[in-house]
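First comes the structure, then the notes that go with it.
All chains are identified by letter, namely A, B, C, D, E and F, in their written order; residue positions are counted from 1 within each chain.
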């Protein structure tokens, strides 16, 4: 039974969302004007006329690849990630866990179109943040923006980046699963995306971003996506506290085939995530694809073997977790390393993340589904490994790492990691304090005991 | 008339059922249960966490039989359910006051 | 226990199918001749030689995109739609519900190749229907057909359209789920596809189609696919009557994670459905992709918020339903509107479809899985919204809508909706009468009680 | 409780895997050097510069299609195949069954990069095997290799082929599911891939391969993938013997919706498998796509109808099995036949495989999930059917089959089948003997009774 | 005080429950079971293999009632559970020694 | 020898089990059941439809104990299962005629 007070609070996200719509509608007309792309083909159902003669010219192959990659990265979040996480949760919380990723996809898709993309990639303000000039995608048309991708429509780049903005907060949910109020979750997500992700994304990837200017290498989002979500997850686990009965009651994953399916779809979609980051379908996309697949397989085997030696038996959850750890670790390096380097980066990730997950109990926080253990640790290892294994022989646009005669790069990578960790950890704590203070973070004991599916959503996963 | 309740190993259900039908028992009710006893349970490990469970899957068979059938029924169940290894289970016999067959309203032995 | 009589009837579809094969084989030889494409590369496993010099020239990027889109739309039906529907059904009917979509994929794939595509897109006969000249795809080769798509093989266009012909009858199954005889279902599907879908598709999309000539805008199938399936669903729900115990017994969805997965795969595949309808990988495909994603997210949030306000709690099924409603609504508009318009179209869809589903009990028909509530209502809203928000600034090949100074367009859209509703509703009633008269539509009470999985297929979903 | 002895054996795969890493690392440096591709674009996140002027030039559309196809074929194995198989297994073995495919994906991804690709496609040695010159992909860069594909990076071809090397041993697992020790499974897989698949692949597809030189047609792997896995499955079923209680206890599939989902994803991914084998996005890819979809649908319907007539009821498992049978059968023919031929090949496959599965009990071996019944029989039918229906009118690079006036081709196809059957059957028996002799193949009775999930992995699929 | 155990068709549970609440029974405990009897089971076929099962899904209702309620309760259950077709099930009455309400420690009829 | 049947809140099972093992009870059989009583059930809403269920998940524990153990066992179960809130459940004691340990054929207290 909700007190009037709490139900009031519950509507914060509602209001927030309406605010979005309002805001959006406000600049409706001018925006509609701003949509004008290059003239389209004579019939909607007819193929596209060759884009206007003046360069930069759109390449259909590159565009096809980036659009497909965008769809693949969307599939990583839904259903990929929510299956991976949902299967590990308990049956009474399965839907609420899965729904979190799904709702994040919806919230951020709207946030990104309205102000997120503008903050992240809009005209630079002092290397810190983008201006709101591109609010509601005004000015973000279908002609290429050579700053980011010269052979595909600007909106294609925006879409591809959107999917990154979506999955990052979704990864965090693994840390606070099974105990947070849905309303607080919605508000936290919107704030975190706006005040943590968007600026960080600007720093690392936007033209003029100050971290980018440091020369740090992050091909597909090791720092922006994985370290940030992993560290945010750690902060959440610490602030939100343990689930009731944690350590005492058994908390079995309720559906491991679901988790295995999720891991597979993450692997599948990650080709879009990494190879898509080449923003074209050519040599770089191909070598990235090779690196991604090799590291993932090596990491899964490494985790399996570590478990086999240490536990006596390999497990399906272990192999799946190892694969995800490998995907995380290779992300920043994928465009800069060859197959053998990938093999070693992956093997390292599998072993390190396995150790991290095994040691978790010692620290006593409850990172329910190991968002930090896998994404935080794996992401940090990957960022540093990029400083070890990167090679200009693979990607002349990159840099050489320590093993290729350039120790300095490792330092730059470490610096980027440090910046990300500090900014995200502190920023997340602040947001948690705000949300917690205003509306509280956790459900009532009774609700948690009953399960979030019934208490937060009046639903049951299975009947 | 008596109620026989047997707790057995799941994979023995078919055999026990057939045994009972042979000796002329026409019906039974079966429930999936978890048993705890001398038989050791299994271990599960998920990432860090290791769970030992003392419970093992069993099935419970409830059979109503006329008094003159009790001995044979108990013997039949025991014989077919037996593997000789720990965990074979128990057969319990108890009294009851009355039975009604809902469809016909028949009572007593004719309700079976 | 089947009477000889009914088992006879049961074989109607069998015979029908054999008829197909026979028919097909008949024109085997000439057809084989007609297959000749432009000369292929020197080795099967080698890449393709550049297509013959004379225009129209095949574009590999456009072709890659359309082939991928075709695969994506297939994935919408199986597994996307059958997971979405299957999860909402009861456990005892789960397989039969899922199998319906799967079997439709098989039936229509064959029907389309034999006569469906020819009826829909074959040489026009008075704007009403295509001739059977292309029966068995004779004459439908791999050289481009500029009437429909100048930069991809004609067969690629045929394949893409096939997937639309497949999903439409599959959407209807949601209305009559859990109570129809499998044999009757097969016959109904073949008749509906041939006598309703194929002509309607011709009217709206084929060169010479009379509705197309009215100037109605339907970018990716709002009328042809969604209004038609939604209205057909309504007709089915009315004729087939309620499920036993409807309104009395509880009818819980048996597996909502499955439904959530289905909704996600529908979202994923819909990028092929909408952006693929650009029939090329360029600016139009990109803006369509943006519109599709934005409307879907907005609709899911709108449904969630409406539910939250009205019910007190948001639900996973609600968010998933809202997303699908948004996908439906944006379909006809997706190639003609900008991001903010998409946002508003989506938000409207979420609220309208939620209301429709809430009011359903008042009318007392049993649209089991809301085929009409979501596809009918959402489709009509989308068709009309296209008349409101369409803008030549986004797609010069389209038209301006009411909000862009062209009220006439709204009238044209309304006309197209009306035509579709009347034709489909009456046509479906006739087909139901025929099939019902000859072989009956519903299973026996005993079979329905036992569940269709066991009674129709001798199977159980879970053991 | 493991004896020291067995636990020792258990580590064979561990050691093996470490060997790989070692081996790999060994040639780390030179390899890193050998990575050099054509110069990359100026910024990692920027699009690719046009590849170096000198031909062969990379085509972005073809590359996008082959990369997407590679991802699709990966999705066939995980999650496609493991869902298809996992759903048919019993609940107590669900995870172990699914995990086998997942682990094979990991093992072979590493094996292929290290020595598999080199053995299969490396510089030919007497038509029998490739040299180890390409060990660790040294020399396999991103510039095209015209021997195999002139318009895509060499590594893209390597990746596409990798996915074939992955799925083949995974298909075999269906034959020995639910009773084999995990450690033995790992070793068997590595040996089989290295000593059976790699050579066979070289014979049939590599430049200089002796079977290829016979003129046998195998567009996408009917012999290399399906006949070989089917025959290997038969050998395994015979050697590994029946599951405990086979024929006595009921062995229900534990989750048929999962199997239906798996079949759908196999269908989806198979477009990459077959149409991707065109190695470009054009006319050949398109006609292959058409053939694949048509045969699959026809086969599913044929199986359904056969079952309907013979059993009185069609079933979901039947339709799903029929679809897979059709996919298998059309694989070798897909690039050489038109739609009507595909229809007939598919119809034949559905009926033949249904009969094969129905007759299985007569022979009394326990091909648990019908790897032989579907892939063996379907593959052989497909290879021979290619000799009947192939037409130069469809693919001038192919040959005409018996129905098109060239009976000789059927003989060549039969020869290729025979070679494959003999080589694979004998080779598999030898490997099974070796592995069985050293470490044993089956789990203890107690472990099998308890279920492989708990006994081999200390996990349960559902809680 | 007596224990009434009824085995009925699953879709009759709601009706029987409501009937019992009406006559003033405040609680019950329900278990999903599989029953074997005169009612024939179903057939399943998977690829080649055909499985016949004799068991059909049933639910078991356990109700503790004061002695003076037994007759009415049995009658109520029978009436609401009855369809007149084979498989309607049984109602069994047996004795028990004591009941305790855990929350309060109350015993006897007041524990119900 | 007596049969003790306890209906408790699921999350109390572990605690009750440990309590019983401590006082020297060696075995028990557990069943997942749905209970109806004073404790209110939950509400579910799916699209339009709203379902209220009166039933709440419970577990039933069956324990066979020698007569001299009955009192302690009942007390132990009550103590560990108690939360003091509505829905804690019941403990029921009843007689039985005989028990057989299938594996050995032992009967009576030695069969436990």
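Everything that follows uses one rule, which is that a contact is a pair of C-beta atoms (placed from the backbone, for glycine too) under 8 Å apart; a residue touches a chain by one contact, two chains touch by 3 or more.
Predicted model, so just to flag it, every value in this text is computed and none were measured.
Visitor: Quickly list, by label, the chains bordering both chain D and chain E.
Guide: B, C
Visitor: Which of these pairs, A-F, B-D or A-B, matches D-E in more than half of the residue pairs in contact?
Guide: From the options A-F, B-D or A-B, the copy of D-E is A-B.
Visitor: For chain C and chain E, let me know how many angstrom lie between their CA-based centres, rounded off.
Guide: Centre-to-centre distance between chain C and chain E: 47 Å.
Visitor: Based only on mean CA positions, could you tell me how far chain B sits from chain F in angstrom?
Guide: 18
Visitor: Whole-Å distance, chain D centre to chain F centre, using C-alpha means?
Guide: Here the centre of chain F sits 52 Å away from the centre of chain D.
Visitor: Which positions in chain F touch two or more other chains at once?
Guide: 31, 44-46, 94-95
Visitor: Please set out, as single numbers or ranges, the residues of chain A touching at least two other chains.
Guide: Counting only residues that touch two or more other chains, chain A contributes 59-62, 64, 68, 152, 252-253, 255, 311, 313, 315, 317, 458-460.
Visitor: Which pairs of chains touch each other in this structure?
Guide: Between chains, contact exists in these pairs: A-B, A-C, A-D, A-F, B-D, B-E, B-F, C-D, C-E, C-F, D-E, E-F.
Visitor: Looking at the complex, which residues from chain B come into contact with chain E?
Guide: Listed in rising order, the residues are 3, 17, 26-31, 64, 94-103, 105, 111.
Visitor: Inside the complex, what are the residues of chain C that reach chain A?
Guide: 59-62, 64-65, 68, 72, 90-91, 148-152, 205, 217, 219, 252-257, 260-261, 263-265, 267-268, 271-272, 275, 277-287, 289-290, 293-294, 296-298, 300-301, 304-305, 308-309, 311-317, 319-320, 323, 335-336, 338-341, 343-344, 347, 391, 393-398, 403-404
Visitor: Which bits of chain C are touching chain F when the two form their complex?
Guide: Residues 88, 250-253, 311, 313, 315, 317-318, 321, 357-358, 360-361, 370 of chain C touch chain F in their complex.
Visitor: Using the touch rule from the top, collect the residues of chain B that touch chain F in their complex.
Guide: For chain B paired with chain F, touching residues are 2, 6-8, 31-38, 54-55, 58, 60, 74, 77-78, 81-95.
Visitor: Enumerate the contact residues on chain B facing chain D in the complex.
Guide: Against chain D, the touching part of chain B is residues 11, 14, 42-46.
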